[in-house]
Structure formats: structure tokens, C-alpha cells
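Below are structures written as C-alpha cells.
Both complexes below contain chain A, partnered by chain B and then by chain C.
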Partner chain A sequence: MTAAFVAGADVPLKRRLKRAERARQFRALGLVLPLLAFLLFTFVVPLAGMIWKSASDWEVPQVMPQTVAALEHWNGQGLPDEAAFAALAADIRAARDAGNLAVAAKRLNYVVNGFRTTLLSTGRKLKEQPAPGTAKETLIGIAPAWGERESWTAIKSASGPITSYYLLAAVDLTRNADGAIVAAPPDQAIYRDVFLRTFEIGFGVTALCLILGFPVAYLLANLPTGRSNLLMIFVLLPFWTSLLVRTCAWIVILQSEGIVNGSLEWLGVIDEPLRLIYNRFGVYMAMTHVLLPFMILPLYSVMRGVSPAYMRAAASLGAPPVTAFLRIYLPQTIPGIGAGCLLVFILAIGYYITPALVGGAADQMISYFIAFYTTETVNWGLASALGAVLLLSTVVLAVLYGKLALGRQTTGGLKN
Partner chain B sequence: MSANHSPQTASQRIAWAATVVCGTLVLFFLMAPILAIVPLSFSSSTYLTYPLPGLSLRWYEDFINSARWITALKNSVIIGVASSMLSMVLGTVASLGLAQWKSKWKPLVLAIVLSPMVVPVVITAVGVYFFFAPLGLTGNYLGLILVHTALATPFVVITVSATLQSFDMTLARAAASLGAPPLLTFRKVILPLILPGLASGALFAFATSFDEVVTVLFLAGPEQRTLPREMFSGIRENISPTITAVAVVLTVISVCMLSSLEYLRRRNERLKGNAE
Partner chain C sequence: MDGGMIATTETLVRFTGVQKTYDGEHLVVKSLDLDIRKGEFLTLLGPSGSGKTTTLMMLAGFEVPTQGDIFIGDRPIKNTPPHKRDIGMVFQNYALFPHLTIEENVAFPLSVRGVAKAEIKERVKAALDMIKLGNLANRRPGQLSGGQQQRVALARALVFNPALVLMDEPLGALDKRLREHMQLEIKRLHETMGLTVVYVTHDQGEALTMSDRIAVFNDGIVQQIDRPDALYERPVNSFVANFIGENNVLSGVVENIEQGWARVALDAGGSVVAQAVNIGGAGNRTSLSLRPERVAIETGDSGDSAMNRLPATLTDLIYLGDHTLAVLNTPANPEFMVKLPAGSYAGLVPGQDVYIAFRPEDCRALDPV
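Right after this comes the complex of A and B.
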């Protein structure tokens, strides 16, 4: 009797608790949603749009719809039939009137150098002389390029809606007239070098930060708290100082009439100013300075937790200081080293402002080219493709970093 | 933690001395730019070299009397304040939700929320530029405030979440059990206790916006140029001593923000110390 009563009351209570918990979870989700919606609009969708741009091909389908339709069943062998030529002539006339022929010309010029001139001059001449013969004869008469298979495969390859052209170009690849993936012509194959340079500068800066940051973190972690807090200001103040201020200061220090050169000349060490800026040296100097705190802070927080007892134990067991350091201390700081290096590297490969201001033409990193193709030459497809490759590299590294940082937090560095 | 380093042998003492020397040199390297630029801003000469021929405040006068720089300062403050307020509200509300929400989707949501901090700003700027341009959100304040808010919110979420982690949720439950509705509990119990954390978050957000130049390069029209944007073009053309004065003003602002943050941190630690 009692048992039945309790059991009967127990179920609704459990259910009620569950319902209350579900309501709480619902409320919690409701609190997160505004930010998610905001980020969707200001961040996620724009990034997705950029990735879409790196693979979308809209210019030729929009400007030359009839040609695209006529080429749909062309097998790419020999020249297309008369219908395709007629469609092309009609499209070019229409585009001339609408004034958007240049849009398609720009896109096709990426595939075949000189296509822009062919298309635009065809547009001009086609209007002057109403065709007496077939469309094929007229077009080849105006520009012999229309008699070449290459021109037609170019149009077909840009017929959309999806293209691999930009993404391939971002890694120095292209498709030949037969559609096979081959190396891009040398004058366009610059991006692998740029990516290599970006990673090389990233590695260099990370290594410099580690070499410079390690002793500072060690010093800060092993000094008495009062003095360590005081010295910490020297790390945090530059960290909080504007990036532009620091970059500007490095130019003032390193330029040919700058402080370093001025002092060295005054001391008689050099006769001519050394070239310290607008080259790789300046980039390393300024970037290391900007990113050093990102190395010191994680190293410091790990070193704070390393008990000195182990080092004392090692010393008491007769280990020379170098051995004790290498075999006892260093392994305990690996999580900090890993986190600091990844963080600095991730930040470094995305740098734009500092190399743009203190580097020379040969020191520009991938971000510079993304910005250049967006604002200067308006090749948004290529800008997006380069951005997508950089984004991919960053995401892979960030996931690695997340695994590393999270693993340390939740399992104390143990495997779970 | 007191001094845990007690060098015993000669070789240990040498190693420690070497660490002190190296560490000091690196700390000097970190401070060098600030140390170099501050005196130059007070120079009476147009050349940015030492020794200073004389002292003057003319570059600061230049700064104050220049419509270009003052407009830039005004823009920086408008965009910084607006985006830090907005990211404060969005970030705090989301942190409150994230603290209670349990779901297998949570890691993904966290990754999205924190990603603006990790994705290279150029990529964000390009993506937002493509997306905002057709919507008419380029060349005005709104677009910049929106994107700066997106960039600053992760810092608010991190700071506020850390504060909430140390917040004793039994206090909120006690208030609820005494009959306080959730909003009142938040206003009277939770808010006062996490306020220092919120203030730190707001400072981080403001600093993020105040120092941001890449998205401004892409999205701002001539009317919305901020201080870092003007400095960027100033450095590109040629560094006039006025820029060093602006740099010093910016550094002073950084020092103020850093000291406020340190004050808030100490206060928070004191409060926690009293509670224990």
C-alpha cells in the first residue's frame, strides 16, 4: 500500500523534474541563440559566401547564356557546330548592347591570355558588319582565334555553375584544353611560393618567440610573486599597445635614419646605414615582437604549475643541471610549448598589417594577396580561393590547438 | 608561491644568472618600441632621430588641431563604444546560457562563437565585404560596428564565462527558492557579483575594436576612418612626428585600460579571498 503510493508519487515527480530540466535547457539555448544568430549574419554566412565564391562561376553563364546552352553537348573534339557560332554571335551582340561583355572577357582572359582582346574586338566588329555568310565564317574572319579549339574549351570550362579554376589556381594548378589537371604556366604559378613563404615566416617567428619567450617565462615563473607581477607589466603593456603603434615604433627604430643606424653611425661602427627594414629582417623583428606575449603567457601559466621539488630531487640524485633541465623540467613544459607555438603560428600565418608596413615586395604573406585581389584587381574568385586555402590551414591548426588545450584541461594531460 | 628558486651549486647559480640576463634583455626588447617612441613625440624637430634638439609639445598641438586626427579619434570611440556595448549584451547573455546548457552540440556552438578570434582577420574582412556590399553596409558606421562586435564577442564570452565558473550558483538557487523570478535574481544577485568580469570583458571588447584596422580598410568610407586606419596610411606615406604623438596618446589609453583590468582582477581576487 505504502510502496504503491510512493511509487505512484515518484513517477510524476521524476517526470516533473525532467520537464523542469528540459525547460531550463530550453531557456539556456534561448540565451545562446541571439549571439548565434548574430554571428551567423556577420561571420558564418559571409565566410560561407567567400568559400562559395571560390568555386562559383557566374560570369560566362550570365553574359553568354545561349553559347553555354549550345556547347552543353559539344564533346570538346574539333570545332563546335554552326549553331554554337550563331549563339556566340547573338550573345556577343546582346552583351555589347547590355554593356557587360567585359565581365565575361575578364573571366575568360584568366583561362586563355589574350581572350579579352579577342572577345572585345569581336564585339566591336560584329556590330559594324552585318554577317553575309555563316556565323562561323564571320567570326573566324573577325578573329582567327574562333577557329581554334582552345577558345571554345575555354568558354566551356567557364560555363559554370561550379568551377575548380580558382581553387586550382590557388595551388598553382590549372586544367589544359583536354580538362586534365596540369601545372599552371610559370608566370601564374606564384601562390605555392607565397604559401611556402607564409609558412616559413610563421615557423621563423614561432621559433624566435619560443627562443626569446622561454627564458622570460621561466624567469617570471620562478621569481617571488611581487617581482614577477612587476615584470609581468613589461609583457602585458606591449601586448595591450596598439599594433599600429608598435609597427610604427619599429620603423622609427630600424629605418635608415632610425635610432639603431643613427647610434651605430655615431659610434663609428658603420659608415653606411644598414638595411634593417622593408625586408625580411624587419618582418621577423616586428612580428616576433607582436607575437611574443602569446608565447610567454601560456608558457608562464604551465611553468607556474611545475613543482620545483622534481628539479631538487633530480639534483639530489646527482643529475647535472643541464641533464635535470632537459629530462625533468623541459618535458613538464611541453603542453605550454605546444600551445604557445600553435597559437603563435596560427596568428602569424594570418598576418597582414605588419608585413604590409615593414616588409618588402618579396616578404608579403598570403593575406596581402587576398586583400590585393579583393580591392586592387577585383579578382574575387582568386581572392576567395586563396582565402579558402588559408582558412583551411587555420582551421586544421585550431582544431589541433583545441584538442591540445582541452585535453590538458579536462584530463590533466592524461589520455582519455 | 614564494621564491622557489634556491641556487645551490655554482653551475646552478650561473644558469640562473644567465636566465636573468636573457630574460631582462628580452623584456627590454618588448619595451623598446614604447621607450623609443615616447621621447620622440616631445621632440621639437621634424626628424625622428636622437639626440633630441629640444623639447616641445608642437606635435600634440598638431594632433589636437588636426580635423583629420580628431575625426578619426571620434570615429574610433563611436565604433569602439557601440561594438563593445553590443558584444557585452550578446556575449553576456550567451555566456549565461552556455553555463547551463548541456548538449552534444555545445562544442560546435562554442567553436562557432570563438572562431572570429582564430580566423585571420583578412578572411573575415573579405567575406564580410562581399556580403555587406550588396546590403549597403559598407561605407557606414553600422557595418563596422557589426563586424567589430563579431570580432570582440569571443573575448567577452571567454572573460564572462570564466567569471561565471567561479560564481557560486547556489546563490542564484537561494534567490529562486525565496521566490525571486529569474530576471530579478539576475539583476539583484548574479549581476552585482559578476560585474567586474563584465567590465573586463567590455574592456577587452573595446580594445579589440579600438585596435582593429583590417576590416576598417575594407569596409570604411572616408567618413569612418578610425585612428588605426589613419595611422596605417600615415605610416605608408611617411611617418610624421604627429604620428608619434598619436602613438603616445594611444599608448596612454592602453595603459589606462591595462590598469583598469588589473584593478578589476585584484578586486575580484580580494572578493573571492573574503568569501573563503
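Right after this comes the complex of A and C.
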């Protein structure tokens, strides 16, 4: 009612508020802008690039444009027509001269083992002038593989611009010559196992960190300031040392001539050195050590907010210490447990250098294979697809956690 | 103020020679002998650091006496953990469990005692009805106002019928009106339920309103333990006189003592007769304690030789509604206060030379400040 008498009342109040707040919003935006730009270039763009690479199929369309065009209307039954063979011959000649035939050969070799040899030998043997007879006869004459439907479906499946090949391969699936999704042949079906192993190690390390970190965080939150600061330094110490150095230290400690085995042998506990490293034990040990602070810090920050008065109140109301802990203290630290576990798990499933150094062949996690495909075989498509699957599972977890955390809050708020 | 009909002489809690030190150098509680009677409302009153909260914490079991013993009934409780002491406690900031509803909070002491579900429901409902918050049973503590949280904390501490209820400055976080309201409510609960309450506060008004007896703490020692009116009217030392209520101090030296009456020569000249309460013999220094409402202002000599009379100058009159506060400058005390009943200051003007007059029995000679 009074609004009618206020100056500028013809403008709605909301709009006026917005106008009044605008300067402040711009200032806030200005403060975060550098970070936003940084994240855009270092995080969003590479991530988008990775996802694009996991699905893009550029090699064959680029090297064999005529063949791709000729196969566009081929129905996949029987062999394609003469025009397709002629286009292929022309493409191979052009690619041989341009020197990029190997690029397509590598891509097609993923689909059909041995395609690389077929294509490269065809490239070598294909004469400059077409031999008498049809292109079809010539090509089949050079390599009998061109007379098989499988070779042509391979080319058609790789003719882009988008392929599901890498993403399917990342979960041990493939398409057969008819285009149906089937299980990958057993010798290529390794990624599901690797993902399972990755999650298993992730869960294991998270559980170990929680068991070891919870009491430490409790102590940190409840000791007098002076002593808790000292303890905090010990917790943070690992952060001040390079990851590589810490991992190598574990090798020194755990190897068969290392400190642990040496001491145990000297004490007469064991006769032969225990195998403590280059196996799953070493991986758990080193990763738990490295990731422990990521569990302790969120737990600590939540525990700091839990007043000791609650435990006293519980005791005065008749709860024995264990009951008081389980029913009063623990539930109040759940946000910290959730945050710590999520943080450790997400970091753990992306771990590369530690398992690579202290794990055996059967302990390598998914990141090892991503690194392998990017640096060793330069198979960006598969590396990106594996990365995308890893990203997806992380996002699913984070969303799940967010839902759970939010759910707790809302039931806490408006139950009535 | 008279809850005496419930209080008996039966002792429920006994402190004998209790001492407490945290650092091994300073005693926070120097020597405590204290009996708490069954059914009484005992307040531990004192400035911060006087040892009152430490005493409460030792009784609750959160602190261990360095020396001495505490008994509940005849049972020493030194080695009884807090959860077995059967003591209900209301904490300074209520300590309501934030992750539990009001109902679950109040049910907690019953459920940890293994009370049957149906009975818990019944008793929690009765407790919530008692504090008139039955309609908020499913809320969380964070959604309640301070006063409501306070009442829930009370219900939670009372629902399991503890032998003893401890309250550690439970009203400190509330505003004045609410605090006064809650004082009466706690008092009502104490009387209707026949509770034994040990209440810690630094607010003397609160202590006077609620208590059957008050133990005044200072410097780790109980200075005086008595009924509120006795503490106010008959303080045994200067600390109690100054801590409880308004007090005027006049310093002097004892000239002689006769049958409980001391003649004191004031440092600023003149002499008065006072009750000898807490002074050695003649020649000792003393501080006289005078309550502002026990002093009259006279404009001329009334000739009553039984009264002590001192010359003074009226410096200020402060109107306070139910009474008027006169501030006077006497040679012995430049800020001497006199409370005049409403309507009885007619004719007085600031700057006027007057006399202050008081009876010897209203003037207590105590230890020097």
C-alpha cells in the first residue's frame, strides 16, 4: 500500500532490487572471471575434446573420401559394386602418394585384425596405371581380403563422422558385420575387469582411509589447539612431498630387501622375505597413505563443528560412551564421512602413477590403460572412451552423493 | 521464593573436602563442603572463574575432584561414570541433538535405558505437553526459537525422573523477558514435580528469584550459603554484601566492640555504630555495608540519637518509576546511593546539603575490602 507513495513506484520492486544489486553482481563476476577463464581452457575444453575424440571417426573419411562416398548407399549385403572398388583403388593411390595411408590402416586394423597388412600391401602393389580388367579383379588379385564382405563393412563402419566403436570397446562390446552389438572377442574383452578392479581398489582404499582417518580427525578436532596444530602438521606433511618421492619411499620400505622385510628377518619372524610390493598389498598401502589427508581434512572440518557438549549431554542422559558415539556423534559426522569418501574414491579411481610403480601387472587401474593408449599406441579414440566411462561413473557417484546429502537436508527441514 | 514446603532436611548430595585443580598449580575449587537437601532448589552463584561451574561438572561426572569425595545419598560417586549417575542436566546452549527431532531428543534418555516403545511414546508426549510443545514434536531443534529449545532441553532432562537436575546457566542465551518467564516456569516445575535442582548462574536476580538456598562462590570458596533473604539482609562478608544487591561501603577502623555492636571511626571523619559481623577486635580495619533502601535522607536534625547520621550533599536524583535513586556525596563515599520509595523525595533538590541517617542494625561491619 505504501509502495504507491514511494518514488519510482511505477517500476516493480523486483526490478528495482535487481538494478540496485547489479553493480555488486558485476564486481563479484569480475572477481571470479579469471578463474572461470582458466577453468574453461584447462578443464572444460579438454574434457569436451576428450568426449568428442571418444566418438569421432575422422581417419577413414579423410584418407578415403571417395570410397566412403561410394559405400554410402551400399546395403551391406554381398560385395559392393565396381564403382566402390574403383574408388578404393583411387583412394589408396592418392593416400599412398600423400603418405597417410597408415593412418587409415591403423584405424581399420582396430575393427578387423590384419587389415593393416591388407591395406598397406595393397598400397605397395597397386600399379600406377590400372591393370587390364576391373578394379575389383585387380584388388582381389592383390589381396583376397577385398573379396570378403567383412573388409567392406569395416570400412563402412569406420566412415564416420561419429562412431560408437571406441565407447563400445571400452565396455567390452563390439559390432559384428551386421552392425549388431555383441560381446567383444575374449582376447580383447579386458576393460570390464579393469573397471571392476579400479572400483574395487577405489572402495578398498576409501574404506582403509575412513578406518584410519576417522580416529585421527577426531583427535585433531578435540585436542587442545597447540597439540592439534602439531598433529595437523603431521597430517599435512605428505602434501609437502612429491607424490613420486612418496611412492618411491614405499618401494624402498616394502621391497624384498627393504626395511620391513629386513627387520622381520632380523627378528626371526620370517625366513624368506614377504612379498609386500608389486602386488595388491603395495597398491593399497601406498594409495591409502597418499590419500589419507583427503579423508582426514573434510572429517576434521565437520567434527570441529560438533560441540563436545553433545557427548556430555548424551552421557548425562544415560547413554554409555559407545551408544553416545553411535547415536549422537557419528550421525553428526556423516556429511564429513560422505565428503571424505567421495573425494578419496574419485581420486583413487583416477590414480595412475602409484599403482604403476608399486603394483603388479594384475593391479593396474584404468588410468594405466588410458596412459598406455595415449602414449604407447596413440589410440586417442579408445583412451578417450575409457576416460569418458571413468568420467561418467564419477559423475554418477557425485550426483548420487548430492542427492543423498540434499535429501538429508530437506527431511531435516520441512518434515511437518 | 518459599519452596521450603518441599525441601526437607534429608541430604541428597554431600561434598566433603573437595578440591579441584586443572593445572596442578592453582586450585579452582579450594575446599568445598556442601550439603544439598532433597527437594531443594540450590543455586551456585558467583562471578566467572569462581569455581561454581567446576563444582557442577564434578557433580555431573565430567570433571574428577583432585581431592575429597562427593556422595549421592550414602554412595560415593567418584568412580561412577556420568551416564550411571542418574542426573539430568540442562546445558548452557541446550545441547539438543541437531540431527534428531524434538520427540527423538526427549525420547533419548528413555530409549538408552531400554524403556518399552509404547511407554516412551506416552512419557515423551506427557513431557512435551508439560512444556506445551506437543505440536512441535516432529521439528528439529534448529527450527525452534531459543525459548522453545530451552523448554525442550528441560523436558529432556526431566523425562527420565532423575534424582537430581543440574542446570548450567540455562537462561543465559535468552532475552530479558523470556528469561524472566522461564525462571517462573522452571520454578513451577521444581515445585510441582518435587525436583532437587542445582542451578548455576552469575545473575544474582535470577538466583534470588528462584532459589531456596544460594551458595555464593568466590575464588574457589563458598563465601556464604543461605536463604536469599538472609544473604541479602545478613551478608557475612564484604564480597557477599557487594555481590548480592546494591551496597554502600564506608571504610573505617574499629574503635571498640560491645555486645555485638562496634563503634567505627570512619576514615573521612565521624563515627558510627554498626553490627559487628566479621571483624576481629578493636583497631582492625572494616568496611561497613549499608543497603540503599535502609538509609533515610534528612534535611534537618531529627534528634533521634539512636540513628547514625552523616552529612552529605545531594548530587543527583534519578527517577526509576517504582523508586527514585538519590546519589549523594559524603566525605566517606562520594557515590552514596539511597533508594527513596516512590513519591517520598518531595522538597529535595540536587546540590542541597542533607544528612543520611541509618539504624545501627542496618549497618553491618564486615571485613575490609
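Here is the rule we go by: the second predicted complex is superposed on the first by the 348 of 416 C-alpha atoms of A that agree within 3 Å, B and C clash if a C-alpha of one lies under 4 Å from a C-alpha of the other, contacts with A are read in each partner's own complex, and residues count from 1 in each chain.
FYI, a contact is a pair of C-beta atoms (placed from the backbone, for glycine too) under 8 Å apart; a residue touches a chain by one contact, two chains touch by 3 or more.
Source: prediction; values computed, not measured.
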| item | value |
| --- | --- |
| Which superposed partner A:Ile328 touches (first chain B, second chain C, both, neither) | second |
| Which of chain B and chain C A:Ala315 touches, first, second, both or neither | both |
| First (chain B), second (chain C), both or neither touched by A:Ser384 | first |
| Which of chain B and chain C A:Gly258 touches, first, second, both or neither | first |
| Partner chain in contact with A:Ser242 - chain B first, chain C second, else both or neither | first |
| Chain touching more of chain A, residue-wise (chain B, chain C) | B |
| Contacts of A:Ile346 with chain B and chain C, given as first, second, both or neither | first |
| Chain B versus chain C as contact partner of A:Ala94, first or second or both or neither | neither |
| Contact residues common to both interfaces of chain A (with chain B and with chain C) | 315, 320-321 |
| Chain C-facing residues of chain A, complex | 307, 309-310, 312-321, 323-324, 327-328, 331-332, 412-413, 415-416 |
| Sites on chain C touched by chain A in the complex | 60-62, 81-89, 91-93, 95-99, 101, 108-109, 112-113, 138-140, 142-143, 156-157, 160, 166 |
| Residue numbers on chain B that touch chain A, as the complex places them | 1-5, 8-9, 11-12, 15, 19-20, 22-24, 26-27, 29-34, 36-37, 40, 47-50, 90-91, 93-94, 96-103, 109, 111-113, 115-116, 118-132, 146-147, 149-150, 153, 157, 182, 207, 210-211, 213-214, 217-218, 228, 231-232, 235-236, 239, 243-244, 247, 250-251, 254-255, 257-258 |
| Complex contact set, residues of chain A against chain B | 24-25, 27-36, 38-39, 41-47, 49-50, 53, 212-213, 215-216, 218-220, 222-225, 231, 233-238, 240-253, 257-259, 262-263, 289, 292-293, 304, 308, 315, 320-321, 325, 346, 349-353, 357, 367, 370-371, 374-375, 380, 383-384, 387, 390-391, 394, 398, 402 |
